[in-house]
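So that we are looking at the same thing, I have put the structure below in C-alpha cells.
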C-alpha cells in the first residue's frame, strides 16, 4: 500500500496550546483513503535544509471537504517552520502511510501528550456500532485544550494530570483498572511516551484486554525503503515502524 | 564603514516585469545612511540552504519612511524565494555596503538590464544643483517598465533596444556620442553587463568624460572578509568589489 | 490496490537509454542501495519497469543481520547520517525468497554485497551470480574482520584483492562501490581496474557524527554514521571528476543527487550513469522526476542521447 | 564612524574564558582564517577586544599572492566552495604594515601561515614570531612544491617534519591546521604531536567541485575548491571526536559552526576551543551571537566554565 504525494493547501493553522498547533490541509486523496492511526510525512520546506520529511499522525480527515487534520507540537526546526504557514500556502504531504488501528466495538483509548492526536482521530471516526472512552494524560491544567478537542466526539473523556490540577493525579494507568472493570472494552488503543504505553499495555494484559500501541521512531523515508525505523518484534521478527506499524499489537513489540 | 544587520519588514513586493520584481523594505538605519550605488546583502531564508546572502543594489531609499527599495531579477533559487515574501514578512538585510557613486552636477547615467536599478537610485536622489539624463538599454518593448520607473524622477530618459522596437535600435553606446556632444556632462555613471560597461567607459574616455562603473562579482561575505570578490586594479593594485567597489573609476578596473 | 500499480504505464524516453557494462537501462538512474528497499516498496510511486534505470538492492551479507541498535538516522544540514548497519536477511534468503518476487519487474537488478573477508566476498559473488541479477555491486566500505575492522575500501591492495576474488567467480559485471573516506580516490579506482572490475560506483557515505548537547551523547546509536545527501554532492562530484581522469572503466556517480541538474553535473564530471539515494527518502517519486528533468535537458540542447554529455567538463 | 566603533563596550562573560596553550581568550571562539579579513573589517559589527576569543588572520605566504583567477566562491547545499588561492600581501608586509594596526585591539592573533617547502615554513615561523602574534597556525593544506604539489597535510611524515621545523624556530604556541582530505586524521594529528606541535585545529576545507551544466564548465576558476560551512559539520565533528581519543594536545574544532549549539557539539566531541568561518560570511555578527548562545548554555546547566564540557561525549 502506497501513499500519495500531494501538494496540499493549508486551510487552517492555529495555535491551540503553548506549543501545540492544529492544521487542516486540503489533500483529497489522503482524506479519502486515510485510516485511523495512519500518518502522513510532511516536507516542511522546499529546500535541502530541513531535508527529511516529518511524520505526523492524522488527527482527523474529512472525505467531503477533502481535508486532513494534523495536531503538532513544536519541538525543533521542522515543526517551527510549520507554524509559519498560513491558509493558501502549499504543504507537500505524503500519505496515508503505515498500518492503522484495527478498531473494535468498544474501545478504551489512552493518549499522552501529542499521542492524543491519533486517539482523537479514532474518536472522531467511530464506525457504526463502535463506541469508545478516552483517558488523556497531560501535565497540568494549562493543557486542558487537549480535552476540548474531544467535545465534538461522542466519547467520554477521563483526565489524569501529573500534578492533579485537573482530573485524577497520576498517569493514565492509575484509572485504567477501574474503567476496564466497569466496562466491557474489547480493545485498548494507546499512543504517547513509550513508558506510558508500556504501562498501559501491561495493565491491559493483566486485565485481558487486547492492546494496540502506536510507536514513534526516527524515520528516514517513511515508506519502507531505508530501514531507519527498524525495531525488534516478538520471536526474532524485524519490523519497520513506518510500514509494519506505527500501530502494532502490544505483544508484538513490547516483550 | 560597516553596514547594519537589520531584520527589515517587507512593505511591498510586486512583480513589474516578466521576471523583475520591486520590493520596499522597512530598514530605517540603512534608509538613513545609504548612498547611491551602495548595495545591501539579503539573507533570503533563515536556513542553511540557501546559505550565502544575495547582494542587491539600492534602487532607492526613503529616510522619512525608513524604507529601502530593491529591484531584482529572478535568476535562481535565492531570488525566487524573495518573490514569495509578502508585506509583513521579515527579511534580514545587511547594509549599506560598498563605495557609492561620486555624483557631479551633470551626469549621464547608462543602465542595462537590472543595472538600471542603481541608475534609478541616482535619478531619484539628485542633490541640489545636480541634473542627469539616463540611457536605458534593454531587449525590446516588453521591457518598457524600466522606463516607467523613471517617471517620478526629473531625468530625461533615452531608450535603446536590441531590436529597435522602442527607442533607438542598438546598444546605449550608439547614442552616447550625440548626447555627450549636445550636453556638458561632468560624469558618466554606468551599471549593466560587463561588455556594455566596457563600451560605455570606452566612449566616455574618447569623449573625455570621467566614467564610474559598478561591477558585479560573486560574493562570499560582502563585508570585505573573504576575498571572494577580488579583482585586479590598475598598476597591480588588488581590489575587493564589495568593499572598494562596487563603484570604481572606470580606468581603475578596465585597463 | 491494483489501480495504484504503476507498472507498464509509462513509455521510457529512448534518448535516456544507456548501456553500462552491458547492463541495458531505460534511463541512467539507478536506485542506490539501502534507500529503495528492494524495489517493490516503490511500485506504487513509480513504474519500476519503465521509470527506473536499475535497482541496487539493499546491501546483502553472508549471514542475515539485524543492523545497529538505537537511533539509526539523523538529519544534518542538507544531509542525512545513517548507521543502519547492513540489516538484511542474508544472501541465500535473498536469492530464494526475495529475488523471485523482484523478477516480475522489467528492471535490471544490482546485487549490492558486503562481507567480512576476501573469501566471503567470493562466496557472496558466487551465491548472487544467479538468473535475475544483472550485476554485482561490491560494497567495500564495510569492516575487514581480518584486518582490525578497518574498512576494505581504504587500502588499494585490499580493494584489488577483493575485486580479483569476485571477478574470478562471476561472469556478471563487477562494479566496486568506493568509499570516499580516503586520501586518494583515484588510487582505489585504479586498484579496481587492476583487479578486473568492470566499473566503479562512487561515492558511498562519508563518515560523520552528530551530538545531542542536552543528553551529552552522540545522536546515533552507533556513534558514527555515514553522511549522504546534497551536503556531500561537491565532494562526490570532485571524486568522480578525478576518477574519470584516472581510469578507463565506466563510472556510476552518486552522492546528493536531488534533481536532473545534479545528475547532469555528475555525468559531465564523467559518470556514465548515476545513482539516487537520499532523494528517494525525501520524495518517493524522485527517480522518475529526475529522469524527466534529464529528458528536458536532452530536448533543450537537442542531444541524441544523454550519454553525449559524459565527461563534457573535461573537454576544452 | 566613531559611533559605530564597538570596541570596549561589551563585558565578556568570565565563564566563557579559556586558555588554549597559554593563549588567553575571552571566549572559546576564534575567527577562522580567510573569513574575517584580518579583523578590523569587522570592528563595526562586533567588539573585537571583548566579543572575539582570537583572530586567525588571512593565510600568509612567504611572497604576496594574487590568488586564483575566475570565480572564487560557489554556493552548494548548506555549504560554500572557495578557491581564493591564498591571496595575501606576504608575511613581511603583514608584519610591517598590517600588524601594527591590529595591535590596537585587545585580542590574541594567530598567524595563519602556508608555504611551499619545509624551509619556507621555518622562515615563515621566524618571520611571524613577533610581538603581537599570540600563536602560529600552520596551514598544511597547501601544495608541497618539492613533492609534485601534493598537499603537505596528507602525509604524516611530512606533517611531522613541518611541525618540527616550525617548532625549532619559535617560542610561540604552534597549532597545526589539519586537512580533512585524508584516510586517517588521527595519524596526522599524532604526527603533529610527535613533531612538538602544541595543538591542532581541524578541519580545513574538504576538496569539492561544482559544475555549470549550461556552460559545461566547472563553476570555480580553479576547477576544485574547498568545501566548508554547515554541510561539512558532521565530518568535522567526527574527526574532532577521533583526534580527541588519539592525541593529548588540545584541539580547536571547526567546520560549519553556525550556532552556539554547533560550537558546544564540537567542545563535547573534544575541542578546547572552536573556530567560526562561513558563519561570519553569512552574518558578520555571528561570533558574538554564538558566544552569547554558549553563555546561555552555561547558565542553563549551571556550569562553572564552558570548558567543563570538553570531551563530555566520551564519558560513560
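Each chain carries a letter (A, B, C and D) given by its place in the written order, and its residues are counted from 1.
Rule of thumb we're sticking to: a residue touches a chain if its C-beta (ideal position, glycine included) is under 8 Å from a C-beta of that chain, and two chains touch if they have at least 3 such contacts.
Which chain is which protein? Per UniProt: A, B = Dihydroorotate dehydrogenase B (NAD(+)), electron transfer subunit; C, D = Dihydroorotate dehydrogenase.
Because the structure is a prediction, the values reported are computed rather than measured.
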item	value
Those chains which touch chain C (Dihydroorotate dehydrogenase) and also touch chain B	A, D
Partner chains that chain C (Dihydroorotate dehydrogenase) and chain D (Dihydroorotate dehydrogenase) have in common	A, B
Farthest chain (mean CA position) relative to chain C (Dihydroorotate dehydrogenase)	B
CA centroid of chain A to CA centroid of chain B, Å	53
Length of the line joining the C-alpha centres of chain A and chain D (Dihydroorotate dehydrogenase), rounded to whole Å	47
Gap in Å, rounded to a whole number, between the CA centres of chain D (Dihydroorotate dehydrogenase) and chain B	35
Chain A, residues touching no fewer than two other chains	48-50
Where chain C (Dihydroorotate dehydrogenase) touches two or more other chains, by residue	77-79, 229-231
Graph class of chain-chain contacts, one of line, ring, star, complete, other	complete
Chain A residues within the chain C (Dihydroorotate dehydrogenase) interface of the complex	1-3, 5, 43, 48-53, 94, 218-221, 223-230, 232, 238, 243
Chain C (Dihydroorotate dehydrogenase) - residues contacting chain D (Dihydroorotate dehydrogenase), complex	76-79, 81, 154, 181-183, 206-211, 213, 216-218, 223-225, 227, 229-235, 237-238, 241, 256, 261, 264-265, 268-269, 297, 309, 312-313, 315
Residue numbers on chain D (Dihydroorotate dehydrogenase) that touch chain B, as the complex places them	1, 4, 34-37, 41-45, 58, 66-67, 71-75, 77-80, 82, 84, 87, 229-231, 258, 278, 280-285
For the chain B and chain C (Dihydroorotate dehydrogenase) complex, residues of the former touching the latter	48-49
List of chain A residues in touch with chain B within their complex	45, 47-50
